[in-house]
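Two complexes are shown next, each including chain A; its partner changes from chain B in the first to chain C in the second.
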Partner chain A sequence: MANDTRTTKNAGTVTRRDFLGSSASVGAAAAAGLVAQAASTNANAAADAKSKPAIRPPDEMKTRDEAIKPANFPMDGAQVFAKFCKDEGLAALFCCPGNYPIINAIAAEGIPTYGGRTEGSMCSAADAFSRVTGEIAACSGTEGPGFTNMIMNIGCANAARTPLLVLASNMTISGDDTERRIQQAYQQPTTEGLKKYGKRLIDPSRIYEYSAYAFRQLKTGVPRPVHLDFPGEVTRARFKEPGELQFYYDKTRYRTESKPHPSPADIRKAVEMIGKAQRPMIVASTGVFYSKAWDALKAAAEKNDIAIVESGPSRGHFSDGHPLSASVAPDAMLSADLVVLVGQYCMPSIGEFAFGPETKYIRVDPDPTDIGRNLPIDLGIVSCEKAALEALADALPNRRRPQWVEELAKARKAFEAENEEYYQLGLKYSKDTKLLHPAVIGRELSDFLYAKDLPKEQTTIAMGGYGIARYVRRYARAFRPGQICNGAYQYGAIGPDVAYTFGTAVAVQNGVGPQKAYKGAPVIGVTGDAGFAYSGMELETFSKYKVPAVIILYNNNAWGVYTSGRSPRAMHMYLFQENLRYDKVAEGLGARGEYVTTPEEFRAALVRSYDIAAKQGVTTLLNCQAKKEFWSQGTYPPGMVRNVEPGCMSYNH
Partner chain B sequence: MPSKAVKRARPRASVGSIEAVTEQLRAYATRGVFREFTVKESRQAAEYRINWLTPRPLRVRFDAKSSLLTLVDLLPDISPRSPMDLALRVFVAGRFSTKLPEHRRISKQLVRKLVVVNSNRKTSLRLTLNKKDTGAGARQALLLISEIFQNFLAGPYHEYMVRNFDLRED
Partner chain C sequence: MLNRHLAAAFATAMVCMTASLDAADSPLIESKAAAKNGKATYLRLCQYCHGVDGKAHENIDFQATNLTELEGWKRGTQPQQIFNSIKNGAGDDMPAFKTKATDDEIWQLVAFILSIGPEDRRPKND
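Let's turn to the complex of A and B:
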């Protein structure tokens, strides 16, 4: 192992007090730690460390904390926009250089800003930030190339229904169609089908008005990305006074905080249906999280013994530890005789959720045009999720359902027994092959996060990867809102994982929204060797900003779908070189790297890396060596395990 | 309204039992449980084509005389006496267990006999329904299909589902 110069002697567990207490010393320790990261144990590397400049953050990181300079009239268009974003509570900006007036103005307003290595990754970082905080984040890139680099990532955010503000510069209005100089592109058609709203701003005097259009869309109804592109004439325009801007007035006049409430008749009908049901279940999805309805959800569930199962791009709005939780009880799904889908923005089709033929459905959604799509309903309720759950909690009678609660407990136990069986098989396979089986990674991670000294609510996970996620999802738990960011949700992109981890880590580092109580704690990221290629360079961004994480990389030398290589002539397209050292890539980017091949090594490295992340703010990449054949059901059963949805294994819907 | 001649031609119990099965399955279709549902009835039998849990349509055949409801070629591509074949038989037999909650259990009152038949690697299930309540028996068949796809096949059969039921590999 190449990291012994950087490991701590006391690699004990870390509590919240530890990392909060250590935060004061992080600056000095981290500087030393980062310098040390450049070191390696082999002779050449040691010589390099002595003779070559060490990796270190730029001195200018210090000026990041200089006094905020909010703009006042006279302002340019970019400053008007930035001030608007500040007033609307934009929580963070993730970007690459480009769109200069806008990103500079946003930074000047004091909105937390982060500059990374690719626009696409920064877009996903913003997406993940929202998924674990519920707040609006922005991403930005330069005109043609920077913007188009974000397309996959905007697609991910769109599928996840993330309130993502996509910003990009776009040459000049006067140069439209001319291809004068470089980077010209028609942006808005490119995001067609990937956004809720978009606009190329044309009239400088309407920049404030269109900012209102953007935030009206971001803050109401079902969220999705909003895309604004700024020609130079708009950002550079000068405004001496507010009167030069159209529709310049306070946010109470350009949008409303009012939400749709359920009709009393609908609530009466729902209460009646729940009353007739023996085994009711609420699917608590995306809208429950974004409407911050977790208290109302719990109140409704507990009042009437309604089971709760989660789905969606984030988890934890109902604790997996609650006796009414069905998120880790897949076998209970087929028993539900009434399902209330709340905020399930991405609707499954028949057969995709594991409910039985006798199940009746109520759907609660703020958008009436989506109710009844894909899954026929017995009752539709147009409402904000929080309002509907509060109304249900008020209207439902107190009722106990001991047999249902007992069945849920048995189903959870059966799932744990199955996971234990997979773990034991994984240990055997690991012992036989001297390589890490994914069940071992999932279970050991779970033991470390929830069964030892760490408070089980503490650590937020950015869940990514393809095959590895199928295992780790089975063992990862969520006990409070925003504890798991479900990376590959719906769009199925396996590449943004490191970027998702960065956005998640920034949210926790700044203690935003439900992450407040865990401010500064390290986060866990999960990715695969295929996915790493798409956003792995952001390890440098972790190091630059000293955002602490432990990223588990499942390295099986292949794309997860390698079994699709059906002929010998085709197989090479699915494979990588074997035993690649992604850990050394991490070291080269200023992070730590460890290469582990056995359960014992993984266990120790996890403890050590978390400790260093907590105490020094240093991120580690754990390169977990496996083999592609672990996905073969015939050779290493259960192979590629299937997902049962909804619940902890959900990622399609 | 059937003519008197038709009434005489069909034994009352047979007509009733077919109608009960058809009515029950049609009720699921009406509720939207199925995506597509077609029925072809003859004097003694009916055949149903149901598009439900996977893109591959289900074929259900009901013979009124024997009260035999067959889930035709429900699961293709299973070698006889293979581990999957054996596991399926154990799973199906286990659906009668009193250890299961009542709402998940196949009722012996409604399904008198349940046989798993593997012919040419195609597995069919034959359910002999109680003639007195074939409609309720048909509901039991639907419950069984649901358990097989949502429970049994949710186990270690990812590759099988990809091969045979158009499950996306990624």
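Let's turn to the complex of A and C:
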């Protein structure tokens, strides 16, 4: 560990009790510990302390703990909106300054708020927060540049079907089209195709009504981003009493909690089809997570010995450790004769999922307009996922399928054998090159998280990167809901990785939804050197808020697609300078950094960094030096490993 | 006896007609049924990079080969060469599939790949 004086002497693994204790003490000592944090989080600053000012969080961080001040009439438009969000259970806001009345009012209501370095990253942090909690989060930015900085990230959330509330200020109604002052942009057309619903609010008296429009969309059916933009006349309008607001009804009257339930005839037909099948499999996807249907899923699977394979932007709603899990059994897919797609919002086309050509399909989805798209169905069931799985669990007969269960076990064993083969190759390549092969990173991480002292359900991973993810996905496991945020899912963006890790870490730090039992635990982030450029500055946000994580950066000096640089004159466009010190960037932003090049160094640094994250709330960037040629199957087979979907390797669908 | 001679002559003629078939090539590459079976394997193993239609227009990972045109094939266009590329991998990007498919499945795959290429290379036998 170069130039780092902060190595903990008693570095070792940390149990849940350790981190819960440390979390509590961190909270209690938050104010007093700021100076200590500064000293412990930046070695270079410590070394230069005599002559240069040290990196430290602002004193104002203390004021986050001040009493909540909920607004009451008379209120301005922003306060009406913020109060509405609080009442609807908005779980967090991630933003950059701009849209001042709204973000200030949301903070005043006591909704957890976080300010980061770019609007796009904050948008992705909110996205990841939802992906690992199932709850609604918001992002916000200023008009024009702040808003357009979020576009790629809104695209990611849209592809992942995240219930993301996108907020932005947008000049004034009176100034429309004039280019008066600066930052004018037509926001709603810009998010066309990237959202479920959007509205520029132009009538101040309807701000409550349109808030209801927004949350109806966010809380029903298939989720996607909702985008509201606020002109100044709306956020600053004054309302003395409720009568001045249109459609001012309680949430029990402006929306319903009722969900679509399956028809009994459809369930009878599904039970009949499952009964005839020898090797039935459920693809448990996005809708299973958001409808919190994991108990119903398990009940249905266990009653009839139905295999379960996961897909989607988050993993863990069916444990990889269950004997019926096919998420780490890719060879089993081909032999499934009946597949029940549940909540598979992002539909694959024929051939994209590794099922056989004769496989029959049942699709369960709350949206009838999507059933039958891309993949011909044998039965479509319009229903909330949870309701359908509960109905199936009730209606299915008890049945054991020992042969199928044995096939699943064999397929899992074959996958583990393949992973072991890659690991052994990786060790050899690492030894030969004195650089870290990605299979070694994946396997060593897996051993640390699941095979040693940590409870295997404890650590949540924000899975990112490009080539590195192809390997780490094979070794990462999910044993409970929301344990893996599948970063690049569907939109294929690698840039938000550090931001995804931040949103994931905030969710765990606050113990939201399925993260409750692991409140305060450090999270793991995975990224590559290409992806890091887009959201790496958020390491500063980790440090500012003392949100603990260990971020693994795979540094192979190139874009993951470098093999496409076929002509000698083109190759330079695919490459970076070699051996860049991203770890020093981390140190410069108030986090820790370590630079590792061998399996032994990686192993020790992982243990040390996790320990420091758990005990001190300090995030570390592990800069893992590799080489681009590890992606060449000709030179270092298997090179860029193949994806098989659905299952643990899924990220297309 | 005459019929037996005719049959032998017919068989010889058939071999001559399929002159592109090397001695090591499998007869499966001339079979439409094999090509149909090969499509299932193709969808499972190949379409991720080469696309559902073989044109590789949608691969964002790297520039995979367009299997419907012979230009740009870097490891040879003959059936045995295609077989070898599938079985043992090719170049930086194409992995080996020898543990994912049997030799017969790979030959069926070759038949399918020929079936989406130029007319004169397509399997002819029912």
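Criterion: the second predicted complex is superposed on the first by the 628 of 653 C-alpha atoms of A that agree within 3 Å, B and C clash if a C-alpha of one lies under 4 Å from a C-alpha of the other, contacts with A are read in each partner's own complex, and residues count from 1 in each chain.
Here is the rule we use: a contact is a pair of C-beta atoms (placed from the backbone, for glycine too) under 8 Å apart; a residue touches a chain by one contact, two chains touch by 3 or more.
Since this is a predicted model, take the numbers as computed values, not measurements.
Quick check on the superposition: with chain A as the shared anchor, is it clash or fit for chain B versus chain C?
clash
Between chain B (first) and chain C (second), which, if any, makes contact with A:635: first, second, both or neither?
In the superposed model, A:635 contacts chain C only, not chain B.
Touching A:97 in the superposition: chain B (first), chain C (second), both, neither?
Once the two structures are laid over each other on A, A:97 reaches no partner at all.
Tell me which partner A:278 touches in the superposition: chain B (first), chain C (second), both or neither.
first
Using the superposition on chain A described above, determine whether A:566 touches chain B (first), chain C (second), both, or neither.
In the superposition, A:566 contacts chain C only.
So in the superposed three-chain picture, is A:350 touching just chain B, just chain C, both, or none of them (first/second/both/neither)?
It touches chain B and chain C both.
Scan A:335 for contacts with chain B and chain C and give back first, second, both or neither.
A:335: touches chain B, not chain C.
Report for A:492: first if it touches chain B alone, second if chain C alone, otherwise both or neither.
After superposing on A, A:492 lies in contact with both chain B and chain C.
Touch test for A:89: chain B only (first), chain C only (second), both, or neither?
neither
Let me check the overlay on chain A: which residues of chain A are in contact with chain B and also with chain C?
On chain A, the overlap between the chain B and chain C contacts is residues 334, 350-351, 354, 356-357, 492, 560-561, 563-564, 633, 637-642.
Provide the residue numbers of chain A that touch chain C in the complex, in ascending order.
These residues of chain A touch chain C: 334, 349-352, 354, 356-357, 418, 492, 560-561, 563-564, 566, 631-635, 637-643.
Where on chain C is chain A touching in the complex?
39-40, 42-44, 47-48, 52, 60-63, 89-96, 99
Under the stated contact criterion, what part of chain A meets chain B in this complex?
Listed in rising order, the residues are 278-279, 330-331, 333-335, 337, 350-351, 354-358, 375-376, 378, 403, 407, 466, 492, 560-561, 563-564, 633, 637-642, 644.
Under the definition above, what is the set of chain B residues touching chain A in their complex?
My answer: residues 28, 31-35, 52-54, 101, 103-104, 139, 142-143, 146-147, 149-151, 153-159, 161, 169-170.
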